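Notes follow once the structure below has been shown.
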Amino acid sequence: MLSNFRKITPLLNRVMIKRFEVPNKSAGGILLPETKEKDMQIGEVIAIGPGSYDEQGNFQEIAVKVGQKVLLPPYGGTSVDFKDEKYSIYKDSEILAVLE
Amino acid sequence: MLSNFRKITPLLNRVMIKRFEVPNKSAGGILLPETKEKDMQIGEVIAIGPGSYDEQGNFQEIAVKVGQKVLLPPYGGTSVDFKDEKYSIYKDSEILAVLE
Amino acid sequence: MLSNFRKITPLLNRVMIKRFEVPNKSAGGILLPETKEKDMQIGEVIAIGPGSYDEQGNFQEIAVKVGQKVLLPPYGGTSVDFKDEKYSIYKDSEILAVLE
Amino acid sequence: MLSNFRKITPLLNRVMIKRFEVPNKSAGGILLPETKEKDMQIGEVIAIGPGSYDEQGNFQEIAVKVGQKVLLPPYGGTSVDFKDEKYSIYKDSEILAVLE
Amino acid sequence: MLSNFRKITPLLNRVMIKRFEVPNKSAGGILLPETKEKDMQIGEVIAIGPGSYDEQGNFQEIAVKVGQKVLLPPYGGTSVDFKDEKYSIYKDSEILAVLE
Amino acid sequence: MLSNFRKITPLLNRVMIKRFEVPNKSAGGILLPETKEKDMQIGEVIAIGPGSYDEQGNFQEIAVKVGQKVLLPPYGGTSVDFKDEKYSIYKDSEILAVLE
Amino acid sequence: MLSNFRKITPLLNRVMIKRFEVPNKSAGGILLPETKEKDMQIGEVIAIGPGSYDEQGNFQEIAVKVGQKVLLPPYGGTSVDFKDEKYSIYKDSEILAVLE
């Protein structure tokens, strides 16, 4: 089982993202209004691959760093459930933006 | 939530555009006639990515600058609602023209 | 609104064309016969982009000049209504021929 | 109108072909049998573009010359009616063969 | 008409093949059993184009010679009826094998 | 029959993976709850190809090593049943991550 | 007819494979159980093409040798019946693995 493993290291130009669940209740338990923001896929970069060669044989660094918060596209990525947490694996070129 | 963040920085060759809502009423409250212009997607460049390497490993600058007003294609782009404003993230090569 | 702007400058390898409306009445008001020519899309180059880099990083000039009359393909292009005139934005490689 | 123009010059790697109408009656007025040849698309090269750069930035000459008779593919090309004659605009790489 | 011409010379990397009709009767007039071989498309190379440049601008010789017998793919190619014979025009890279 | 062979060596940039069957019962025979992990495709690299040349003629090493445990994509790969074991053959670029 | 020919030599990067029919009866005539192995496509390399140039003009050797036993993909390839034997013609990059 996946949980038997300690560590997941993405391959080539892939990155592993821990998805933030957007709470539909405020800290005080009040139901948050349905906002478009709720669908926004946000997450944190947990692990990155070694990078990969483009079609011309030029090495391409990964565009994000571990620990960065990122804005994810509405589609794409492979969902991975690991030790009861929700992760996704994307190609780094699919990630939209860095959040600060 | 997305609003917890201060800043969104697009990745690679992407740009973030603040879309102008085309008013259907004039300043005096008169309903503007349905004009084709109304569908025109216009916006302002809010943030740009660092640029990216093309398939040959040549670095490609971003084709627009922050602050420029631009004409957007009728399709494409990812909508982002951030602090109650409507934004879109496009690849710079998708943007049609600069408006002056 | 788009009309608030003075000038539209296409980006990269795009060109802006002012489409000629093919009259279906002669100067004297006689209904012109339905001819195939009527569907021919003709226009004048109003503005051109700066050109763009091909996949190999080689800079490609724009294939047409401002002022040239051109024959447009039956499909493609983005329609732009600007100050009550009909324009289209094409990639220069989509334009079929120059008319003299 | 297209007929107001003197000359049509194809752009990039395009060529303009004047299509030969395959007669279905012999000179003497006898109805020619339905032959497969009838569907053969034949024409004469009327005008050629300046040629174009391939993906690697290498300039590619046009593969046919003005005046050559050519065999056209059953599909593709854009039909152009000009001064009551039937023309087609093809990319030179679409043309099948030269006829002598 | 196509038959008015003497010679057909394929363009670029195309080749012209004279298709062998697979007889369904033996020399002695006996109906040959329906064999899979019957669908095999076999032909002889009648004419070859000058060759063409690949995407990198490298010149690619034609892979077959005039006079060679070849095995054709079940699909593709453009049929050409010329002087009551059945020909096909293929790109040389579509041809499966040479028969000896 | 495949079982008559001793060894299967993947070609080019392919790798052969022995898929782990995710048990739906614990060691003590208790039915494990339906968890998302169950669909996770995990396996061990059994054999790797020699690697292959990318479109630019640059040799690309295989991204995984024999013996590594890997996370497989939910789709793709060719299933191979060999000596009563379940294997899959993937292109190395399809494999998501290495597990430790 | 194909059988009139002595030899079939694949072109470019193609290889000709003689497919092994997977017996559904054992030597002693006992009906073998329906096993997944039965669908496994196995064959022997009978003839190989000269190899071909990739998009960059780099010559690519054929990945298999005559006489090698190979594992074929479940799809693709062109079937060729020649002198009552079943062959298939594949591009060498489609072949999954070598069997020893």
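Things worth noting here:
Every chain is named by a letter (A, B, C, D, E, F and G) in the order it is written, and numbering of its residues begins at 1.
By our rule, a residue touches a chain if its C-beta (ideal position, glycine included) is under 8 Å from a C-beta of that chain, and two chains touch if they have at least 3 such contacts.
Given the structure is predicted, the values throughout are model-derived calculations rather than measurements.
Separation of chain C from chain G in touch steps, taking the shortest path, is 3.
With contact taken as defined at the outset, chain C and chain E are each touched by D. One simple way to say how far apart two chains are is to compare their mean CA positions; for chain B and chain G this gives 53 Å.
Measuring from the averaged C-alpha position of chain A to that of chain G gives a distance of 43 Å.
Chain centres here are Cα means. That of chain A falls 24 Å from that of chain F. Of all residues in chain F, those that touch two or more other chains are 55-57.
Traced around the ring of touching chains, beginning at chain F and stepping first to chain G, the chains run F, G, E, D, C, B, A.
Of all residues in chain E, only 1-3, 5-12, 14, 16, 47, 49, 53, 55-57, 78-82, 89 touch chain D in the complex they form.
Against chain E, in their complex, chain D makes its touches with residues 22-23, 35-37, 40, 42, 54-58, 60, 63-64, 69-71, 73-74, 92-93, 95-100.
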